[in-house]
Amino acid sequence: MATVRLVEYEDASPEAREVYDDIMARKNIDWVPNIWKAMGSHPALLKDVWFSLQETMKPGRLDPLMKEMIAIAVSVTNGCEYCIHSHTAAARKLGLDDEMLGEVMAVTGAFNRTNALANGYHVEVDPPILEAALGKPKVEDAAD
Amino acid sequence: MATVRLVEYEDASPEAREVYDDIMARKNIDWVPNIWKAMGSHPALLKDVWFSLQETMKPGRLDPLMKEMIAIAVSVTNGCEYCIHSHTAAARKLGLDDEMLGEVMAVTGAFNRTNALANGYHVEVDPPILEAALGKPKVEDAAD
Amino acid sequence: MATVRLVEYEDASPEAREVYDDIMARKNIDWVPNIWKAMGSHPALLKDVWFSLQETMKPGRLDPLMKEMIAIAVSVTNGCEYCIHSHTAAARKLGLDDEMLGEVMAVTGAFNRTNALANGYHVEVDPPILEAALGKPKVEDAAD
Amino acid sequence: MATVRLVEYEDASPEAREVYDDIMARKNIDWVPNIWKAMGSHPALLKDVWFSLQETMKPGRLDPLMKEMIAIAVSVTNGCEYCIHSHTAAARKLGLDDEMLGEVMAVTGAFNRTNALANGYHVEVDPPILEAALGKPKVEDAAD
Amino acid sequence: MATVRLVEYEDASPEAREVYDDIMARKNIDWVPNIWKAMGSHPALLKDVWFSLQETMKPGRLDPLMKEMIAIAVSVTNGCEYCIHSHTAAARKLGLDDEMLGEVMAVTGAFNRTNALANGYHVEVDPPILEAALGKPKVEDAAD
Amino acid sequence: MATVRLVEYEDASPEAREVYDDIMARKNIDWVPNIWKAMGSHPALLKDVWFSLQETMKPGRLDPLMKEMIAIAVSVTNGCEYCIHSHTAAARKLGLDDEMLGEVMAVTGAFNRTNALANGYHVEVDPPILEAALGKPKVEDAAD
């Protein structure tokens, strides 16, 4: 059970209602998911999280399915039930099938294991790895 | 400082040495990263983790860069310093640039935020999300 | 479902019963919450946790509501369902309303995001921040 | 070592530089902290995180020191080194002394312990706690 | 509700069915636990995780009950509901009673607390502790 | 660098000094580890944590080495650098060698992986597992 009364569309403040409208329009649904109705109790938070998320999730160098798969990996690592379901649902709408989900899970599981091992043996990062992680300066910088 | 003496190639057991050889061959390097030298102190673990990882990371429905980006997201969420560096390094070799890394970080950050919000307000998963997350049975099953 | 049979008041050992009595008296309730009944199966743990918590939560430089808001932030970050509910309930009794809860959630969410970003880019702590974090020696020390 | 080359003010894009200017103005410092220079490599992220944070941290029902203490609790629970230092530094500027920090740590530590116990015994949330956590509807709603 | 349709024995691929048979034989049960039926949707994962786990859990220097108690501690720290129940169940079959579980919980709780304190005060590891953690080289190495 | 000035023995309050003396006596060392010197800045916390820990770690149904191995597993899962070193050091003094540490790491790693898989596929706990986890009532209760 939630820790706030969910704010239904008809009870929402004009500020919250504007976000609800945008959520339904962009997701092409005629209902507001519970997580957003919970944030409806604090419209400033609702607005900030929703619009920040649009900025983050818009197509860029990574496509939307790729971004949703990362969202699944993060939510699984944090054990967030609501988020695991909502991002798996979003990814499925973008084409994720059981085999792809299996690969996401395999990779997520594998690195939760190796993260523990690297933390536990507490080895220092090898200098060639540090250097390779840093990458090259951007082309325009390199041209200086 | 590590919690075991790293096992150098010349001190390694034949079982560990075989894995070290495979690591250097597949990564095309002539040195063994510290994490594997730490596991060299317990060859059964070294062997199991290395070969399981090859199974997990081989190209499938997700390509290797995609898998490394998920590895970054998991390692960031767990705060594993060694892993963040080693997977960022691996991803950079596969073409990750600062802009793509920026998108991986943006998505990873965003969902660490919304995971906290969904946990904190503790809303129930909306039934249409539960249903969409589950996906469709596979075609061959559906044909029964 | 719990992983131990909850120990009811009438089945509790004298040692556990003494703690149950103190719990009910201090919380001004006539029932024992489940978490304490679970610990009733191991009275030494029950006693240690309960009395340590009284020490921690007594009014000090931070008032009880402030302490409960920190408890919410910790429980949300760990995703502990029981704890999120029990600390939100405790905070509400001390005056937390939806707007204050919204601010606690906003701050908790925001720093789960920036924690991921700082871990992921793995930047070094700026020396002026290190120095400012350390604070000043206490007055009596400074007087030496 | 960071996983991106930090973007100095003189190398920053106009979009990033505008955020850098705002950071220095609001913090009243003449240098840009490393975390923001790292995000300078992806200006859209820099801009989104910085302005979202201003929205979150502005004085509301909770005062700035209170918000920074919650930030410490979250960062400690996640084990984020950079964040622990930067939020402790920020809180000290707002008046946090060793005794108050001790109370923040005591509360953060205590609930990391009880979170584990509640998760581990996996007890159900008591119905009166669920009800109390939910709180009352807001006055204006109740007036309907 | 799961995020994949669980794959029942009669619908499983020959590769998955072989693992299911091994699970039932080794656990001496005539049904397949849900976690393995979920992985049945991606047989390569099912096979890798199951056989890797047999390698890890076989009696060694630590006996099976000891290994299951560590499994409980990890699952509690991660807050994994399924895992807490399945490892507590496994440990109970190996002789864990409420008092032993109480000690596992007490230790797990205590170090979740002190982990937070050590992270939060961010003290450096004392050199004698670093040295003691590293241990001695193995006898055969020392003989060189 | 720590976030408080470590309180040396000669600067400690009488209350803190009493705990320092007990730490050195029980650990049979003539210096105070950094984590306790940090808590020396808030003697009530120092005292509560130290004496609670003695209660938790005293020999019971689990022996001290077993308890330290669980402490390692928890600290590894949380990624606490100070704690990983201090508990590995403590376990080594009690006889932990590289092979045993390898087994602790293998088990800790394995269940960080399966925790992610169980969370990610979000399967329901099988009823026979729920029942087995709960265990039997204690003999004296059963005799009622």
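Read from first to last, the chains carry the letters A, B, C, D, E and F; within each, the first residue is number 1.
Everything below uses one rule, namely that contacts are C-beta pairs under 8 Å (C-beta built on N, C-alpha and C of every residue); 3 or more make two chains touch, one makes a residue touch a chain.
Since this is a predicted model, take the numbers as computed values, not measurements.
Colleague: What chain lies farthest away from subunit C once each centre is taken as the mean of the Cα atoms?
Modeller: Here the answer is chain B, farthest from subunit C.
Colleague: Can you check which chain pair, C-D or B-E, has more C-beta pairs in contact?
Modeller: Spelling it out, more C-beta pairs touch across C-D than across the other pair.
Colleague: Distance from the CA centroid of subunit A to that of subunit E, rounded to the nearest Å?
Modeller: The answer is 28 Å.
Colleague: Give, as an integer number of Å, the spacing between the C-alpha centres of subunit D and subunit A.
Modeller: Their C-alpha centroids are separated by 19 Å.
Colleague: What is the distance, in whole Å, between the centres of subunit D and subunit E, each centre taken as the mean of its C-alpha atoms?
Modeller: Measuring from centre to centre gives 33 Å for this pair.
Colleague: For subunit C, what residues touch not just one other chain but two or more?
Modeller: 1-5, 39, 44-45, 48-49, 52, 56, 77-81, 84-85, 88, 98-99, 101, 103-106, 108-110, 112-115, 117, 119-122, 125, 130, 133, 135, 138
Colleague: Note which residues of subunit D are touching subunit B in the complex, please.
Modeller: Answer in residue numbers: 1, 3-5, 39, 41-42, 44-45, 48-49, 78-80.
Colleague: If you look only at subunit C, which of its residues touch subunit D in the complex?
Modeller: Those residues of subunit C that touch subunit D are 1-4, 6, 29, 31, 33-35, 37-39, 45, 49, 52-53, 56-57, 60-62, 66-67, 69-71, 73-75, 77-78, 80-89, 92-93, 96-101, 103-104, 106-108, 110-115, 117-126, 128-130, 132-133, 135, 138.
Colleague: Within their complex, state which residues of subunit C touch subunit A.
Modeller: Touching subunit A: residues 79, 84-85, 88, 98-99, 101-103, 105-106, 109 of subunit C.
Colleague: Of all residues in subunit D, which touch subunit A in the complex?
Modeller: Against subunit A, the touching part of subunit D is residues 1-5, 11, 44, 48, 52, 55-56, 125, 130, 133-135, 137-138, 141, 144.
Colleague: Can you list the residues on subunit A that touch subunit F in the complex?
Modeller: Residues 72, 76-77, 79, 81, 84-85, 104-105, 108-110, 112-117, 119-122.
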